[in-house]
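Sharing a structure here in structure tokens format.
Here the chain labels run A, B, C and D in written order, and each chain numbers its own residues starting at 1.
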Amino acid sequence: MGLNLVALGTSRLPSLIRVAALQGMVLGIMPLVIEHELRLMVLVIAAATVAMKGLVIPALLRRAMRTANIDRDLYPLIGFLPSLLLGAAGMIGAVVLARRLPLLPEHRESLLVAGALASVLTGLLLLIGRSKAISQVCGYLILENGIYLFGLLLIHSTPLLVEGGILLDLTVAVFVTGIIVDRIQRAFDSLDTRKLTVLRE
Amino acid sequence: MISILEFLARLAVWLVLAPLLPGIINKVKAWVAGRRGPPVLQLYYDLARLWRKGVVLSTLASPGFIAGPAVAWVAVLAAALLLPLGPLGTSLSFRGDVILLVYLLALARFCTAWAALETGSAFEGMGAAREVSYAVLAEAAVITAVLTLSLQTRSVSLSAMLAPSAGTGAVLLAVGLFTVLLAENCRVPFDDPNTHLELTMIHAVLVLDHSGPPLAAILHGAAMKLLLFSVLLVQAVLPVGELPLVAAAGALIGGVLVVTVAVGLVESFLARYAFRRVPLLLTTAFLLCVFALLIAWKGGAA
Amino acid sequence: MKELLLIVVPLVAAAGAALWPHDRTRPWFLPAAGLAHSLLAFWLLFHPPAVPFHPWLGYDPLARAMLPAVSLLFLGCAAYGVPYLRLRAERPNRVFVAGLLAALGLMSAAHMARHLGLLWIATEAVTLSSVPLLHFNNTPRAFEATWKYLLVGGTGIALSLLGSFCLGYASLHGGGAGDLTFAALMAQGTGLSRPWVLIAWVLLLVGYGTKMGLAPMHTWKPDAYGEAPGIVGAMLAGGVTTVAFTAVLRVRAVVEAAGAGGVASRTLLVIGLFSTLVAALFLLSARDFKRMLAYSSVEHMGILSFGAALGGVGLWAAFFHVWNNSMTKGALFLSAGNLRRAAGGRTIDEVSGMSVITPRSAALFVAGLFAVTACPPFGPFFSELLIVKSAFATGHGWGAAFFLVCLLLAFFGLTRVVFAIVYGRPRTAARKMDPRFRETLAVIVPPVVLLLLSLGLGLATPDVLREAWTAAVRQLSPTP
Amino acid sequence: MTMDRLIVFAILVLVAAALSGPRLPRVWLALTLAGTAAFLGAALWALGGGTEWDWRSGFALGNERVHLRLDAVSAWFLALVAVVGGAGAVYARGYWPDRERPESAGRGRGWWSTLILCLGLVLLCANGLHFLMAWEAFALSAYFLITLERERRETRAAGWLYLAASHAGTLGLFAFFSLLAARTGSWELGPMRDHPELAPLFWVALFGFGVKAGLFPLHIWLPSAHANAPSHVSAIMSGVAIKMGLYGLIRFSGWLPMPAGAGWAVLALGAASAVLGAAFALAQNDLKRLLAYCSVENMGVILIGWGAGLLGAANGDTAWGRLAMAGALLHVWNHGLFKSLLFFGAGSVLHATGTREMSRMGGLWRALPWTAGLFAFGSVAISALPPLNGFVSEWLVYLGLLEAAAGHAPVAVATLPATIALGVTGALALAAFVKAATVVFLGAPRTQTAAHAHECGWWMRAPMLGLAAACTLVALAPAAVWPLLQQPLAAWNSAWLGGEPPAPLATLGPVQLALAVVVAATAVALWLRTRTNGLRRALTWDCGYAAPTARMQYTGGSFAALAVGWFAWVLRPQRQLRWPRGTFPRRADHVERIPETVLERAIGPVSNVVMSASAWVRRRQQGHLPDYILYLVAGLAAVGGLVVLGSVR
């Protein structure tokens, strides 16, 4: 949870990526925590998640950042303080909402839902509030993390294929994003999407 | 056979008597002004002379320049023939003939204006413009009067319509129609038939370039129009239709004379209005007719 | 088993295209695969399988009502693609062809997916596979468009994933075994927990609505359509949007089964009318004729939602309109592609007098314009009239009136732009037109055929299609 | 049986004509004439025999069985379509020939036949769906005809305005027909007086058809379209196409139950269209715009008649209603005839001088004697002056209104003002046509082009003569037309079945004839008399002004100035005046422009509002990705709120 606030608060790109990575790791561990008896499949999933969310993608992003040697400051469209407050508000809202929602007994006390909603909100907030392409990718990552977190609710019931597919798609998505970022950098000599306003009404 | 003879007689009456009226009017004006004035039959002499004269034709004029007056004259005559003469009634009467009468006069107006504009002279243009524009208001008044009559008499053919009811309605109608008469025949206060400031005229300016027989046709037509309107006015106000023959004839002739004298008196005591006030006057006439209409409507409803 | 071929054939073709060495001959993969796909799709249209061959995947009535249209559109675009890619010989087309074929396969999968997760995966895959198509032109503008497409679309798709989870949780909470096939969900019906279903509906509507391009989630559309080649535009407008629409319909069926149909219909109605209005407003002052097409597509998505919201006859008309829209949009995008090539410009400030430069394409474009603005005797006229009629019949009189006003505004905008570029005197921009572009039969026939199809659909709707749509309506609302 | 043959033949031949048009002018002309002749035959057959032809196809078109039906009402209009269509085809041969218009002549021919065909189909279709199809096809082909000369910017603008307005009307009809279909459950059209719940639909129809008919507030598209179209197109648009709107109204007012206020509303609309249309016409200085506005006026006259008919039908006592309605229907024919004649005349003038600006013409009767004569004839006819046909129909309308008044019918409250309005209209129209005819044809040429004008060829002359002949026929033998006329009357309102012509009509005919003869005779007599007296040509006297120039003539503007002043409250003339100043004044001028008031004062502001809304929306989309995501979230929130509201309710 706290990671979200950090993500909102941080003013530098590397730390933002680090946050995302860390969150990915945590998510990877999650299933193991939730699962009481360890099944091979779960292990595989967890490992894959950790690898993907925690290692590959952050590495990718760092590469993109390095290749497009850009200064590491984020130019927020929504200032840090307001976004922090908004994030906090969102988090509270998420908790309240999670309380209001009818949950299965075994999920009652766990903060899974709240956390998921919170990081979804954070992700959206980052997407709206940050102008750097990479920061937006991070926001997107955090969004996906939140969703994945929510997906864990269903890890018993839903066949894991869904999860696998999600993981796959996510990675592919970000991978492609990375490429695009790369290309944009080549095309625009910057990763600031504020400059991406040729196409307009 | 009889009918044909009667028709010819009718024709003769209209053709022969019409030119009297301008003469009478002029006499009245002269009398008021204390002059001797031209003889009553002056117009007859003029017409006769004009009929024999040659014509000077504008180089711009087309055959319409001659045809126009002819058509106008026929139109007025035809309109006149539709008008019943007291108990004699009319030789041709059918439902809706009143509309035909109104539109025959419109035809006459169209042809006069056409003939006037043949010459491309600015003066005639001016006159034609005034003629057709003022006609818009006059037409409204006339139609309203027609409606009033047909409401009063519950009929739509002239011979039956001209059986008026006494009362305020009749008075209003009389005044309204009289005003229209003055306007349609271009008398003071709308126009001054014997001024020679072309700019100030409507009717006389229309005929500036006419001469000879066409001019004769125009003048005679104008006279007939005057007679027509006064006969219409008289019958719209006095219940001529109901009276016995002699009395009716007397009433009719007397009425026409009265109208003519009235026109003469108006001409001698009133000055010509400024053109921008003419619409006001015509509108007043129209409104008078509207009030008459309302009264008739009430009467019909009650 | 044949159903699976619908997916496999294009994917195999895509692989083949990816491996094929020669740029010149590679485009022929498109019509080949397209033809095979259409044959299959129509064979299945006439001989629908009695039972879906797998609970997760099957050529069910809904797929049957939609997929052939997409396949037909693809065939048209593929036929156009061959001369087009020859024209663009300077660009390597390996990725393009492969991506296009893959997109076709995945679209088929998405249409046939009868499982929430599978549907989502397929949709996401379609999105990704169309990314290389978008930046085919390899210009900065193209990249920008692609970037926006990816991020906006991606966010939308993420939301729809969240929505899928919510729906799953709804069934779990309702005591379901966590079977996320639509059949199972509908069977569970009111057993689903209502709040979760409603949340799911919101998220899924917005998510898939983003892919459909419903306002206010339409923002990626003009950029993408404006920068992509004509073929891709046509496929996006006629294919991908259809996929998303199918998804919305499937979800809506579940929500309806869960007893929240009224709410779902109302939201769908409002968002549909809103999209129509927004699109109309944008059209009124559009200047770029490819972006104009994008907004027209937004408008038609609105029309689809409006029809679907009415249910019953309206839904039937919406299926009808899906077909008409695919054909007409295809014709429009392809002829617009011709104009774009010939004119060397894209806005009404640069382009005019195309009726002199490329008379055939211009005439085609005008005809397409009248078709898309619901002028008889083209197909859209009949479907939209039917939608209006059912709106009146179901007592949505004011909705119908609003709808008609929006149509009118859209008509103003469209005619303004189209006549501006078609009539008048050619501009200097047209002088430096692409020298290689000639109005050959190859670039004229495909749009003509598509237009004729739209005409035929309107004048003489095949009974098999009517029957298919009826079946689809019955599948989605089994109660009546 | 033969009816089928005739109509099928007509349709096939016209299709062939449309196809042959671009390439083979002669074949096209032959085919078009054959087609129109067949239509005319069918129409007269239906009118003469009073037989109603009804045919249903075995096949379905657009999922509906084709249902054609030709009853007296549609036949009445079909006859007009055929006559003007044929005449226009001949006229186009001379007016829009290949050698002068290589680029557009072929297109023009093709679209012409298409238009005739679609007009015919509109009249024949008895199924809502197909009616709409024919209707829109007719609107589109008319659009392509109007924009034949599309290289001219103002033509394009006028065409677009027409198309936009017409589409607005069409969408109104979408609503009308789908409401009809939704309430009755089928697209089939036919008498449905037994559905009282359908009555309110009349208002929708009034809008949808009213736009096409050019009723006063909805006429915005009409003047510019009719002015900028090629003249033969203007002729058919003004003479026939706008009548289609009227056809729709009359048709459905006969089939549907009428709401209570219908007759009153129609009378009011008619009075407004008549008076204001005439006022606008008088104010115009563009010959074809003048004619166009005059169409609005005449539609008003027709509407007055139809409104009285509605009131009569609604109030049971049908004698006067029948008269007024008869007048309206007859005026449909008459206006079609003389308005086409006048537009042909205007076309010949335009052809000769290359301008529509009346103040550049003058004295054309010398160069164009035929055109001048025919135009004068048309002017007299359209001013509803005896002894021509315009008077017959307006007289019938008057008669109906007067009878209503005389009978003290309770609805006379409405008919009295209408009558007065009709009178004013007549006077205004007369003024307008005195202006049009005289400023163009009389006096001295105002410009060189006017001086070097040339008469049109026989291809253009013949149709005008034909139309004039048709006018004369109706004018002098109205009683002969009555049997045809009373068929549609009976078809419209079965209570009016059984029609001996109203007695006065039988009288009016001979009177008109006599009048015509006497007028001619007198004119000749006067001419002869003048000749015998001797006749000298001289300069216009002009009160002795020595050197009058053509520029000194009264212009159309000054001619109309008085009346325009009275109607300034609606005409809102815009004047720019530069007085001559100083000792040696520089050139002074006075420009007067009569705007299309409704368009500029009512539609303009509304469209500005809409456009600013559009601009606002566009400003929201400036390419900032974060904004886009924000909109997405906003959409999410909005839908969420909607769902919450919905589920709470």
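FYI, contacts are C-beta pairs under 8 Å (C-beta built on N, C-alpha and C of every residue); 3 or more make two chains touch, one makes a residue touch a chain.
The shown structure was predicted, so the numbers you read here are calculated from the model rather than taken from an experiment.
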Fill in: Far-end chain from chain A, centres as C-alpha averages
B
Worksheet item: Which chain has the mean of its C-alpha atoms lying nearest to the mean of all protein C-alpha atoms shown?
Response: D
Discussion item. Contact counts by the stated rule: is the higher one at A-D or A-C?
Written reply: A-C
Discussion item. Could you work out how far the Cα centre of chain A sits from that of chain D, in whole Å?
Written reply: 68
Practice prompt. Measure off the straight-line distance from the CA centroid of chain B to the CA centroid of chain C, and report it in whole Å.
Written response: 78
Worksheet, complete the sentence: Averaging C-alpha coordinates per chain, one finds the centres of chain A and chain C separated by a number of Å equal to 30
Fill in: chain B and chain D: spacing of chain centres that average the CA atoms, whole Å
35
Worksheet entry | In chain D, residues with contacts to at least two other chains | 618, 621, 623, 625, 629
Fill in: Junction residues of chain A, two or more chains touched
124, 127, 136, 193, 196, 198-199, 201
Discussion item. Chains as vertices, touching pairs as edges: which of line, ring, star, complete or other describes this one?
Written reply: other
Worksheet entry | Interchain contacts, given as pairs of chains that touch | A-C, A-D, B-D, C-D
Practice prompt. Give every residue of chain C touching chain A within the complex, in rising order.
Written response: 117-118, 120-121, 124-125, 128, 131, 135, 140-141, 143-148, 150-151, 154-155, 158, 161-162, 165-166, 168-169, 172-173, 176-178, 180, 193, 195-196, 199, 222-223, 226-227, 282
Practice prompt. Quick one: which bits of chain A touch chain D in the complex? Just the residue numbers, please.
Written response: 77, 124, 127-131, 136, 193-194, 196-201
Item to complete: Using the touch rule from the top, collect the residues of chain D that touch chain C in their complex.
Response: 60-63, 129, 132-133, 136-137, 140, 147, 150-151, 153, 156, 160, 163-164, 167-168, 171-172, 174-175, 177-179, 181-183, 610-611, 613-615, 617-618, 621, 623, 625, 627-629, 631-632, 634-636, 639-640, 642-643, 646-647
Fill in: Interfacial residue positions of chain D with respect to chain B in the complex
362-363, 365-366, 372, 376, 380, 383-386, 391, 395, 398-399, 402-403, 405-408, 412, 416, 419-420, 422-424, 426-428, 430-431, 433-434, 437-439, 441-444, 502-504, 507-508, 511, 515, 518-519, 522-523, 525-527, 529-530, 533-543, 548, 550, 552-554, 558-563, 566
Worksheet item: Can you list the chain A residues touching chain C in their complex?
Response: 101-104, 120, 124, 127, 133, 136, 140, 143-144, 146-147, 150-151, 153-154, 156-158, 161-162, 165-166, 169, 172-173, 176-177, 180, 183-184, 187-188, 193, 196, 198-199, 201
